[in-house]
Structure formats: structure tokens, C-alpha cells
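Shared chain: chain A. Partners: chain B in the first complex, chain C in the second.
After this line comes the complex of A and B, so read on.
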């Protein structure tokens, strides 16, 4: 049996296909973007190709992420909070706090014995999310993926006093005009985003193990700043973008096994591998 | 949308929900005087007894706030901003008067601003104490006397104790009927959805009390007889917090897979649970009902020292003990705490309520929204995740 998890985030679409031993046979990351949002099926098709499987071989498909609604090829929708919890717990069984810094939201999850017990979320304001870094790297004229390595050269990071993306951008421009070295500005930005996220997650009472996922975890500068702001080790999975999709696939497997164990039919929908419609 | 003559029960509720002022406009045309009020502290019994029609003002979360921003800062209660916005946009041409009260600090300041911008033949501002000590009750009784005098001089009629007692009786009848309606939420699945109950509550705030009582009787009969029932869901929720006057939040919650079976909001139990005790001087019963009876966090009630006032848990019990009855009586297994953004009154209460619920072993989630339709969509993921946690 094979199980697929599809995580349609605001910025990236991720697909994981695994077999019943939770052996991952395909992992694909594609951009979601405004144009391609409904084309999540393309990413799914790519993943099937990589796994060399036809679609009907997949026993169960769980969709998650903010685009989880109305995915015609999914059997079930589960929130990203439950899926991240599952995925992160599979990789780090001792996790107590999982932090996900995504493209347009940031969330913190309190996990006890692999179960989600509480969570916090910022999904209305760009501050503290990947969007913040995208906007500001644009203002600085550098690529967002270069921010991490640039920030590591910093010796005297600046203080960004505003948590608002728009105002922070103005601050950045004024630092530039003062001749502040780029790396110090970038390090300051990482500190600002990390500070914002950590303050939010502190409501859950932070305790180790702490795991950081999402696009933010791909930025070494953000990881370092989160560590400094929390004051303890922060673990990062090998592929931080995939924990939601991974968790979705595992939850799909659990759904099927539970139904089989009870001798009940697997709760399924009629699936079509076609374009997704959003927010009907 | 117009109200079709002769519709009854839930259809009438839906019509009134869509077109709230419809009935009071008719009454106005018949020569009755309509008095607008905000919040649940203005004494309804006195207005009813003097043949006035009290009409509760709400905001409109589907209408962007444009005019109120010129006179209220954007970082105060969006519900009150919206309410004032509607007044500034002349949505209440049928009002003969207005009663505002010191409900919370923003409510108080806004009352004076309202009065500056909008003139009505009658205006009264009620001073409502924020504690329930004996002195506060005495002061509040004086305040109610002042309210009575001002109403008497506005109507040119004297309010007899007899007439007031009658009005108390009719309003208490409504409170009894609302409890009967809420009893229909006790079965699993409930016989009536949370969305429908809220629509009934909004309708009641839009018509005279006697008509409201007839409407309640019709609705209760209709619900008892109808065959279709709300779908049974895994979770039975209580919704706590600041005002909800639009069904969209409750609908969002019910659509992701829960039954909303109980509430602690002021378009619900808070406004209808407590009754006025018939005291020799009716003003005592009224003062007690409105100040002590209404359980809104705008009033602070600390346990007395001899009741363990210094003990946190004793204090929580004193402040939120009533929630235990709601939770047991309606078999609630999860609580959604919600508040409009910038509401100090509810915001400060949240950690304490959550502690109390935790002591009862009840999971809860806190949601903040800015009293607009668009702010509700992102809450869906949180509600759904909360239900998955309970799942």
C-alpha cells in the first residue's frame, strides 16, 4: 500500500509518497504561486512519476496546508497543525515544541507523546514569516536564499525596532543610507523575525526538544537567531519543508489501518487527479 | 428584503435577522417611540413599562468602517467602532432616543462622541459601577432612579410601581422562554443549531418584548415538531466571549464539524439568563439583576475574604462558577473563547477563564478577530485544528 501527503502552502506545494513501512519513495517540492495554486495536481503527478506509481496505486491521499480545501484528488483534509505534529514527531520522537516558519504564516505547536496539545498561529500579518524576508531581500537587492550565508558574516547586527514588514523595510533603507554593512542589517532582520516568532511561541511554554521547520528553517541565519532567542538547541530536519506532507501521508496510513483493524470501510471520497479549485 | 405579513416561528426569525429594524419602523409609523440602546445594561423593563420600544443596536461586520475612523482611533474595539460608524452613516433615522452606558471604557468615551455627532430628542447615559459591593449596588439603584426620572420627563408619564412590576413580569417570561429554547440544545445532537439560536437572539433584540415572547413560543413549538435535526458531531462546544451579532462565526465553527450547544455571550445567556427578583421596592430587584446578575467581565467580582478571596481557585470559582452549570447541563466537551481585537475587558479575562476550564478538565482555544467577515476565514484552520486535538 502507498500513501500520499499533499501540503499546499501559501508559497510552496509539497508532496510525499510513502509505503506502509513509512519508507519515503517520492518527495517533491514545487512553487504554489498565484498561477499554479490550482495546479497542485502537477506536483502530485511529478511525485507519482518519481515513485514510478500510477495514481490508483495510492491507497490514501491526505491534503493539508492552507490550500487543503477542495483538492479533488484527496480523500481527506487535515489541518497543517495536526500534520506537522505527526511529521515532526516521526522524525524527532522527543519533540515538545515544533515551530514552523512558512511563507505566509508562522505557527508553534506543543506536542506531548506525539500528540498536538496546544498551538499558536500568526496568519494575518507578514511579520515573522517568510514573506517578511522576501519583501526585505527585495529592498536590499539580494536573493532570499542568500540571506542566511550573508548574515553569518555579521559582527555587529543592527536592531530592527519595528515588527511591521512595511516599517522594517523603511528602517532597512535608512540603515543602508547610513552605510551600515549589509550583513549586519540582514542579521538584524533574522533576529527580528526570530524574536517575533519566539515571543508568540513562548505562550506555549517552550521546553526541549525544539524543532524548527518550514522555509524559515532553510535559512541558517534564521535558525541561528531562533536558537539565540530561545536559548536552547533547536533541531532542524534534513528537509524542513516536507514535515507537513510527511505527517499527512502518515495520518493517511493511520486512517486506513484503523479502518482495516475495525473491519470498517476506509472513509474515501471519489478522487480525480485534476486541477484544484479554491475557496468555493 | 421585506418582512412578509403573518410569517411565524423560524421564518419570521430569519426575516427579522435579515431586516432588523423592519418591525420598529412599523411601530414608529403607528406613533410608538423607539429608543436605541447598546449593550445589556440599560433597564429594558422601564422602557417597556412606559410604552417605549427598546431597540438594541449592533454593529455590522459586513460593512467596512469608514466614517467612524474620523472620530475614534483604529486600535479600539472594532464592534463599537462599527456601531458608531452605522450611526454616523444615518442607519438609524427611526430612533427617538438613545441610551448608552458605562459598559467599558471605550463604550463610555464613545457614548459622549456619539452624542456630539448625533442628536436625538432623548439621550441618557447610564453610569454603571464595575464592582458588586453593597455601595456599588446602592449607587446603581440611584442611577436607575435617575434613568426613570429622565424617561418620565421624556414621555410625560409617571411610571407606577404597578406598571413596572407588570413589565418585569413580561421580561422575566422572556427569560424563562429563552431557557426553554436552550433546553432544546441539550439532546445530542441538539434539536436546534447554534446558528439558529443566535438568529433568534438577534430577532428578540429587534422587537418589543411581548412580540418576542410570542415568537419564542412559536419557535419552541416548531423545533419540537420538526423532523430534520442538526447533524450529530463529535464535539459539543460552548462559545464564550465578546459580542457575536452575526452568524458567520458560529456558522464557520459548525461547518468544520462541531455542534455549538451553549454560549456565554451577550446575545445569548448573558443577556437572558438572570431574572429580576420581585422585591418590595422593584428597583432593588432591578439593580441586583443588572449589576450582580449579568455575568460580563466588564464587572469585576472577587470572592470576599471570608469566602477565600485571597485564594486563586476560590476566586475563579466565584467568577466563573456559573460556567460549570452550562458545561454539565449541556454536556459540553470543548470551549471556544473568542474576542474582538483590542477588547481589554475580555482579553484580560482569558487566562483566568482558561485556568478555570482547565481545572474542570475542559480543553479550550482562544480566537481573536477584528469584527469583519474577512477576519473569520483564517480562524477556520484554528477551529479545525482544535477539533482535531479533541477528536
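After this line comes the complex of A and C, so read on.
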């Protein structure tokens, strides 16, 4: 049996396909984009190709993330908080605090014995999300994926005093005009985003193990800044973007196994691999 | 016979006035740019040339605004809310609540009948409550900022924005355009969001008439109508809303001068 998790984030679409031993046989990360919001089927096709499987071999599909309703071929939709908790707990059984820095939001989850007990979230303000770095790297004329390695050269990071992304962008430009080295500015930006996220997550009382996921965890500069701001070790999975999709696939497997154990039919939907015809 | 100068170096625009016996003799505005010192110098040159005066004839200069410390020729720096309060009191003595909407911040100031500050509230952490939000949206819509207000008044069905964030607002505007909403409905929605932030500041201080609007926001009919509608009030608009704080600085300069001479 094979299970698929589809995580449609605001910025990236992630798909994981795994077998019943939770062995991952396909992992795909694609951009969500305005045009592609309804094209989850394309990413799924890519994932099936990688796993060398036809769609009807997939026993169960769970969709998650903010675009989860745009996955018409999913058997079930589950919130990203549940899927993240599941995915992160599978990778790090001792996780207590999971922090996810996504493209347009950031969240902190308190997890005890694999269960979500509390969470905090910001999706109202771009500061403290990936969008902050995107907007500013644009102003700096550098690629967002290069920020991490640039920041590691810093010896004297600047203090970004603006909270607001738009004001910070202007602050960065004035640092540049004063001749401040780029790496010190970028390190300051990482500290700003980490500081904001950690302040929010502190409401959950931080205790180890702490795990960082999402696009933010792909940036070594952000990981370093989160470590410094928390003051303890921060674990990062090999594929930080995939924990939500992985959790979705595992929750799909559990749904099927539960039904089978009870001798009930698996609650599957009539589904075809097609694009979404509606928007939300 | 004495001339006084008020210089207000704001985050986007630098404003300067010369007064004589309490009357506005000359004024000038220019973009602040990234070098506040240069902006201040240029402002002084322009003001003196417009008033046909030399620097020696200026009795006292007060600098205010975000870049006040960069005005090297000033005799004194005074906080902008104090200057704004004095300036509006000079124009409309009946005003007790001033709503000052600038590029990077908005502040609401409660003043007494002498133009003294009693209390104030400001939003300077977030672009969502300031003129910058409008600038961001005007850029997305490829519109000139001065056309945005009048167009918004034609809306019959303003859109609702789910977050107050200017960055996310930009994304939302793009989605709304894709969904086929008209420019006027989008803009009216932007004003509604902006007015909500600003009116929350007013409500924090408690409502007290009469009300005036100053700063760049005072030039924006869309914002004025949105605030008036939300609070159910009338806003007085001075003839040069952006100059009120600089005018207040010049008035304070005249008082300081009398004090030192007396």
C-alpha cells in the first residue's frame, strides 16, 4: 500500500509518497504561485513519476496546508497543525517545540508525546515570515537562497530597528548607502526574523527538543539566529519543507489501518487526478 | 522686526517655513532622500531665496521631525507632536484632536485651547497605519498617489482586506484584481483598512471635537472621507496640511526668541 501527503502552502507545494513501512519513495517540492494554486495534480503526477507508480496504486491521499481545499483528488483534508505535529514527531520522537517558518506565516507548536497541546501563529504580519526575507533580498538584489551563506561571513551584524517589513526594507537601503557590508546587513535581517519568531514561540514556554521546519530552516543563517535567540540546540530535518506532507501521508496511513482493523471500508472519495475547478 | 524659521525633516518629505510677526512669509517642500543633512541645507537655501533674506536676518530656527538632529543650523530641536499641536492651534484654535498622517507613521494628538499637548497615541511600527500603505498599493495599481483618493470615492462596494499588513495587502490587491474587482472598490477597501488603524488611535484617546487632519494625509480626500465616515465626525483641513508641523516649529522659535531676549 502507498500513501500520499499533499501540502499546499502559500508559497510552495510539497508532495510525499510513502509505503506502509513509512519508507518515502517520492518527495517533490514545487512552487505554488498564483497560477498553480489549482494545479496540485501536476505536482502529484511528478511525484508519481518519481515513485514509478500509477495513481490508482495510492491507497489514500491527505491534503493539508492553506490550499488543501484545492486538491480535488484528496480523500481527506487535515489542518497543517495536525500534519506538522505528526510529521515532526515521526522524525524527532522527543520533540517538544516545533517551529515552522513558512513563506507567509510562522507558527510554534507545543508537542507532548506526539500530541499537539498548544500553538501560536502569525499570519497577519509579514515580519517574522519568509516574506520578510523575500521582500528585502529583492531590494538588496540578491537571491533569497543565497542569504544564508552570505550572512555567515558577518562579523558585526547590524541591528534592524524596524519591525515592519516595508520600513525594514528602507532601513536596509540606508545601511547600504552608508557602506555597511552586505553580510552584516543580512545577518541583522536573520536576527530580526528569528527574534520575532522566537518572541512569539516563547509564549509556549520553550523546552528541548526544539525542531525548526519550513523554508526558514533551509536558510543556515536563520537556523543560526534562531539558535542564538533561543539559547539551545535547534534540530533541523533533512528536508525541512516536507514535514507537513510527511505527516499528512502518515495520517492517511493511520486512517486506512484503523478502518481495516475494524473491518470497515476505507472512507475513500471518488477521485480522479485532475485540476481544481474552484478557488477559495 | 524678526524672522523665524521652522524646519520639519520627515521620513519622506522635508518641510520648511519662514514666518514674520506670526505670518507665513515663505515655505518650501522637498523629498528628504537618504541624506537628511543635505535636505536641510537645501531647504534653508530655498527658503532664504524665496523670502529674499540672508541667514543673518533669521532670529531663531527650530528643527523638528525624524531628522531634526541633522539640521545643523538650528538653534533648537523640538519634538514633532509639540510642533504639530502648536501649528494647528495657530490655524484652528477650536481643534482639540489632531490626526497627523505621515509617510511612515500616524499620530493622534489631544491638545488644549493653548495648543499644548495633553496626550497622544502613535503607530510607527507598522506601515499599515501610515501613508506608506497607500503608496505601496498605488504602485501595484500603477497609479499616481494623488489620483487614488478621488477614484476611491466612486466605489459602491469596497473590498475587505483580511490582514492589515501592507506587504500581504499588496498580495491581496493582486488577487482582488485577478478576481475582477474594480480599482475603485479595491482602493476604497484600502482606505477602509487604513482608516480603521488610524481611528483605533483616536478611540484610544477618546473622542473630542473639533478634529483636524495634518500631514500628507490631509491632502488625501479618500482618507479624509474614510476617517469621517468611520468616526462620524467632520475633519478640518488646513490650507497646507503638510506644513503645519514646520509652522508650529517657527511659532515656537518666535517664543523662544522672546524668552531669551526678555
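Convention: the second predicted complex is superposed on the first by the 275 of 280 C-alpha atoms of A that agree within 3 Å, B and C clash if a C-alpha of one lies under 4 Å from a C-alpha of the other, contacts with A are read in each partner's own complex, and residues count from 1 in each chain.
In the analysis below, a contact is a pair of C-beta atoms (placed from the backbone, for glycine too) under 8 Å apart; a residue touches a chain by one contact, two chains touch by 3 or more.
Note that this is a predicted model, so its numbers are computed, not measured.
With the two structures aligned on chain A, chain B clashes with chain C. Which of chain B and chain C touches more residues of chain A: that partner is C.
By the touch criterion defined above, A:116 lies against chain B but remains apart from chain C after alignment on the C-alpha atoms of chain A. In the superposition on chain A, contact is made by A:174 with chain C only, not with chain B.
Residue contacts after overlaying the shared chain place A:266 against neither chain B nor chain C.
Looking at the shared chain after the overlay, A:104 reaches chain C, while chain B stays out of its contact range. By the touch criterion defined above, A:90 lies against neither chain B nor chain C after alignment on the C-alpha atoms of chain A. Once the two complexes are overlaid on the shared chain, A:131 sits against chain C while remaining clear of chain B. Once the complexes are superposed on chain A, the part of chain B occupying the same space as chain C corresponds, among 6-14, 60-68 or 276-284, to 60-68. Shared contact residues of chain A, touching chain B in one structure and chain C in the other: 123-124.
Residues 34, 104, 123-126, 131-132, 135, 162-167, 170, 173-174, 177 of chain A are the ones that touch chain C when the two sit in their complex. By the touch criterion given at the top, residues 375, 377-378, 381-382, 384-385, 388-389 of chain B touch chain A in their complex. Listed in rising order, the residues of chain A touching chain B in the complex are 66, 78-82, 115-119, 121, 123-124, 279.
Across the complex, chain A is touched by residues 11, 34, 104, 125-128, 132, 136, 163-168, 171, 174-175, 178 of chain C.
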